[in-house]
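Let me give you the structure first, and then I'll get to my questions.
We call the chains A, B and C, going by the order they appear; numbering starts again at 1 in every chain.
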Amino acid sequence: MRVRKRSTMAALAAGLLVLTGACAEGNQGAPATSSSAPAASAEPFKPPTITVGTAEDSKGPAIEPEGVVRGGTVTMIDRDDFAHFDPGQSYVNTATNFGLLIHRGLTGYKRVAKGDYKLVGDLATDAGTVSDGGKTWTFTLKDGVKWQDGSPITSEDVKWTIERTFAPFITQGPTYVQQWLTEADHKKAYQGPYDGKRLDAIETPDDKTVVFKFKTPHADANYAFAMGGYAIVPKAKDTKEKYDKEPFSSGPYVIKSHVVDKTLDLERNPNWDAATDPIRGAYPDKWHMEFGQEALQITDRLMADAGADQTAFTFYASVPPERLQQVLGDASLAPRLLKSPSPYGNYYYFNLDRVKDVKIRQAINYAWPSKQIQQVSGGPAAAALPTTILNENTTVGYEPYDLFGKTTKPEGDIDKAKELLAQSSNPTPTIVYAYNQTPVQEQVTVVIKSALEKAGIKVVAKPLDRKTYYDSIGLVKNEFDLYWGGWGADWPSGSTVLPVIFGPVADGAPNYAHLKDPALTAEMDKITAMADIDEANAAWMALDKKVQETITPLVVAENRIANILHGSKVGGAEIDPQFWIVSPNTIFVKQ
Amino acid sequence: MLRFLTRRALGAVVTLVVISAVTFFLFFAVPADPARLACGKVCPPELLEQARHNLGLDQPLFAQFTAWLAGIFVGRDYGGLGHCPAPCLGYSFVNKAPVFETILDRLPVTVSLTVGAALVFLLFGVATGIIAALNQGRPLDKIASVSSLIGFSLQIYFVGTLALYFLVYQNQILTRPQYRPFTEDPLAWAAGLALPWVVLSIIFTANYTRMTRSTMVEQLGEDYVRTARAKGMKGRSVVMRFALRGTLTTVITIFGVDLGALIGGAIITETTFGLQGLGRLSINAVTDSDLPVLMATVLVAAGAIIVFNIIVDALYAFIDPRVRLS
Amino acid sequence: MSTPFLSVRDLTVDFHTEDGVVHAVDGLSFDVEKGTTLGIVGESGSGKSVTNLAVLGLHNPETAKISGEIRLDGEELIGAPRSTMERLRGNKVAMIFQDPLTSLSPYHTIGRQIGEVFRRHTGASRAASRDRAIEMLTRVGIPQPKVRVDDYPHQFSGGMRQRAMIAMALVCDPDLLIADEPTTALDVTVQAQILDLLRDLQEQTGTAIIMITHDLGVVSGTAHEVLVMYAGRAVERGTVREVLGEPRHPYTWGLLASMPRLSAPVDVPLLPVRGTPPSLINVPPGCPFHPRCDYTDLAGPELCRGERPELSPHRGHGDACYLTLAQKQEITR
């Protein structure tokens, strides 16, 4: 999944992941008091269905949203300009979401209906053909797909695109495909095509066909190719480092002008053919984007909905805490309010090197004051309470479970906790809880402390500086027992979550629990190698439950809900549940 | 005067170099690693090393600093990104542009914002301060005192957000704050900045009213003002030629400090009104750990404060002959 | 008898403050003739300066309540419009202040400060005003006046500054010059020079001078008549010879005793006036000096605490005290 640029940068600095910025922001910003949170917005969100589409599904044009109107200019307002235009450097969701307007990949997600998505061929005729037990993937390019100058998009461009991601200057994009083609340290195996050396593992038998030969089976490779980081770059127009400033369009629009951090204007790409594109509606003739306004100002503009702002929306600016209750309480805003819970997994990790007794870890899970945390985070409209490690929005074949009574006793089951503690090695343990020192986190800490102390657990709270939070908890030899961290799936499968958060233990690596279990590792390797994707997805889900049941390396944390407004003359605005950002694909301007 | 200016200019250069060095080394004293930002979501050590190399962060610190310093005078080469001509303040990998270009792009925004607002709050603040002082104890004075107290306790963030909502978003009485170059369209320039000017002025005027009033009251009690009246000078001339002169010294001191600080970055104002000036740039540079931009914004801010200090000192000499001749 | 050039009658100046009404001047009367000098003597807070600022109309009308009569050359000044006062000040009536450093503007040249008075009242050109300033500086004895005219006050010595002040006061040939402690801030040799200068100028121009001072020595050298003030009132009045030679009021005695004299033996101690000046908000009833006076028993305590004594006789050498003339002569003998 993708990351946001600036706010997340601090998080990324820790070498971590993605979404922490988004989550951290949610944790920082929510209002202190929330007793006034309207109960109405507590209705459960339905997770999306994501399936693999057919060749027929992969044909253009895109399915139109209801009441669609073509033409006009739509305005998009956000705080930050896009971090990257070069797909090879794009990982954060804001960059890849914008990429949908100017870039195309081999595959992509087609919206069939609200909450119903299909993985389809984008430039490819279908979502790929797998052979050799999952090791070989073959894609055939559609007829009539062209670059902005009218030249055809070829299999050589696809091969070049993947090869250039090995180059030294590419350091920020996804690395899955590269690792599958070569080895874990892929930069050592190959340094890119610029010195004339090519990568044999990618074959282009003809202009339309490209074949990837992986070292091991990867049944979900077609999902990986849907990542914005693997959108295609033209060999003829590749300017290496500079491409990040001057991308060449294969999508429905071209950049007409761009003033960094201020404005960006798009106009139609005459060589994009809607008939080849099942994903992008591209209904407005022009896009005008403005950067530099804070979420508060953006929300105020969209609330006022006056004049030209009626045709404005925002990709990412969520209603800030100081306006949330007002926005939720105003029924007239409801038709213009989009809501979606975070697709990220947020956890309070136990440091297994220090909290060794599973009974204690489970007791803490039972005593956990989820409801109180939800309240201080802004109430049910601002935070959801998931119970599983894998996020329902990003897990095909999601199966809910609730091991610690979170649904029935969201305020915590102190009796049950005490009971478990009595059976444990230490009925009155001391837990060192490290937290990111922000106003809201201070409050959350108080809530956690008081709940755990009711169960007889002494909590020592250690505030950590915001800028170095992830560096501190990322140290293997840290002095803490419990701390918050997050991770986002890169495609809707446990394969991009569990093997990462329970992967290698190293300083800065995302395995914050320091979970080292050979049996678990073997199990994960087995599922990764499964050739049948449905079987693999079911196995990931089962493993999720098994880990929480037998090891309990973490407490599943509260999950922020995004609330995003749009102007009254903007149609087709929807938060993509998987990417947690308003999709450009269905946007149109009402007359 | 020339000697004074030369001496101060040399001092300024030394100060700026010292400030740059301190900023530079402090930046690396913080544990956060800028290379992490240029490294993906999964950032294994090899990739981190690559990112560090790409950013030139694998060089010894001192070499990095001297390269940066030398770049200002002779320019620098950035491999695949090309040459950064002198004065090269470095290349921002976040903005993907030479820093000097970015500074040149942002400086006019902040200068327009600041200077425009400064003119309003200086003139308005001094005028109301004089009126209050001349009407000491009367209702007019009380009104001025109370409103300046209110103005003083207001926050740009608060007033700005309210003003935006009611005057711009809701009723569209004023155009949305935005920067249009003066040279392109003076009218659009003024219209786009009118609201920030007014809001910034509301906050700052208060201070100038208070200060002008109290200094003026003090000055009106000075012996030489009494002498002027004893000489038969007319009331207005006493105020404008004698009392105001002494008041200006104090006002100019504070004004110099305020202006210097504002040019260094009206961070809150720029953030509230979504103007991309130096203040915004510096905040982004901090969150992005964008060292070259951070250095440049610190330099500009320090430079502005130094320059305005020199101007203030020179103005002192102009206003007060005792300074000039001693 | 012709009307005096400056005639002050029953002048009362009250200041309204947060603590109460300050009776700074309370029923004061005096005259000054052209070509003569009146010395006004008294401790700080006796109302000397307040009186003279009232003559110039420099009190803030918001806070000062002034009643009585001040007639200058027959023209009533109390309640005169501001423009009238502005026309008179610096022109017909001029004032020299105590501290020439603070009383001159630090921001303007000496020449400009002198010249602008002339310009203001005569409408002369800038150049003519400058010439007049040089002329005045020459008259008050500033060396190299053509150069020094462009100097700023801080470039002058203390004595030169006071000379410049005098030049500024005399630039329009005023009929009345009020000198408020003109030599207090200066050292002794310079004091004498300044007083000589004032005397010479008076001889040349016939200006009336009011010399405010706490220093009886200054009075004896320059004044023709003396007015001794205490707590906003006149307690003794007469010619210099009368008041200094045959002082009649116990307060005057006290002042004289507290002053060093060259003629007195060195071993005779100086006797400061006992006690402190009264609060002008709560002026003691009767004779305001009675709490500090050694002779109330002699004069009769009821008398001293009862009615306020008037100056008597009404003309010539008069004093405000209930002691009889014989008692006074007995004491001073």
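Keep this in mind: a residue touches a chain if its C-beta (ideal position, glycine included) is under 8 Å from a C-beta of that chain, and two chains touch if they have at least 3 such contacts.
Per UniProt, the chains are A = Peptide/nickel transport system substrate-binding protein; B = Peptide/nickel transport system permease protein; C = Peptide/nickel transport system ATP-binding protein.
Note that the coordinates shown come from a computational prediction; the quantities given were computed from them, not determined experimentally.
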Chain pair bearing the highest count of C-beta contacts: A-B
Innermost chain by mean C-alpha position: B
Inter-chain centre distance, chain B versus chain C - centres from mean C-alpha coordinates, in Å: 54
Chain A-chain B separation of Cα centroids, rounded to whole Å: 39
Mean-CA-position distance for chain C and chain A (Å): 90
Residues of chain B touching at least two other chains: none
Chain B-facing residues of chain A, complex: 3, 6-7, 9-10, 12-18, 83, 91, 168-169, 171-175, 184-185, 187-188, 240-242, 244-245, 259-262, 290-294, 296-297, 300-301, 303-304, 306-307, 309, 467-468, 471, 490, 500, 508, 510
Residues of chain C touching chain B in the complex: 56, 58, 62, 82, 86-91, 94-95, 97, 99, 102-108, 116-117, 120-121, 152, 154-155, 168
Complex contact set, residues of chain B against chain C: 137-138, 222-224, 226-235, 241-242, 245-246, 319-322, 325
Chain B residues within the chain A interface of the complex: 30-34, 36-44, 46-48, 50-51, 53-54, 79-82, 94-97, 102, 105, 161, 164-165, 169-172, 271-276, 280-281, 284, 287-289
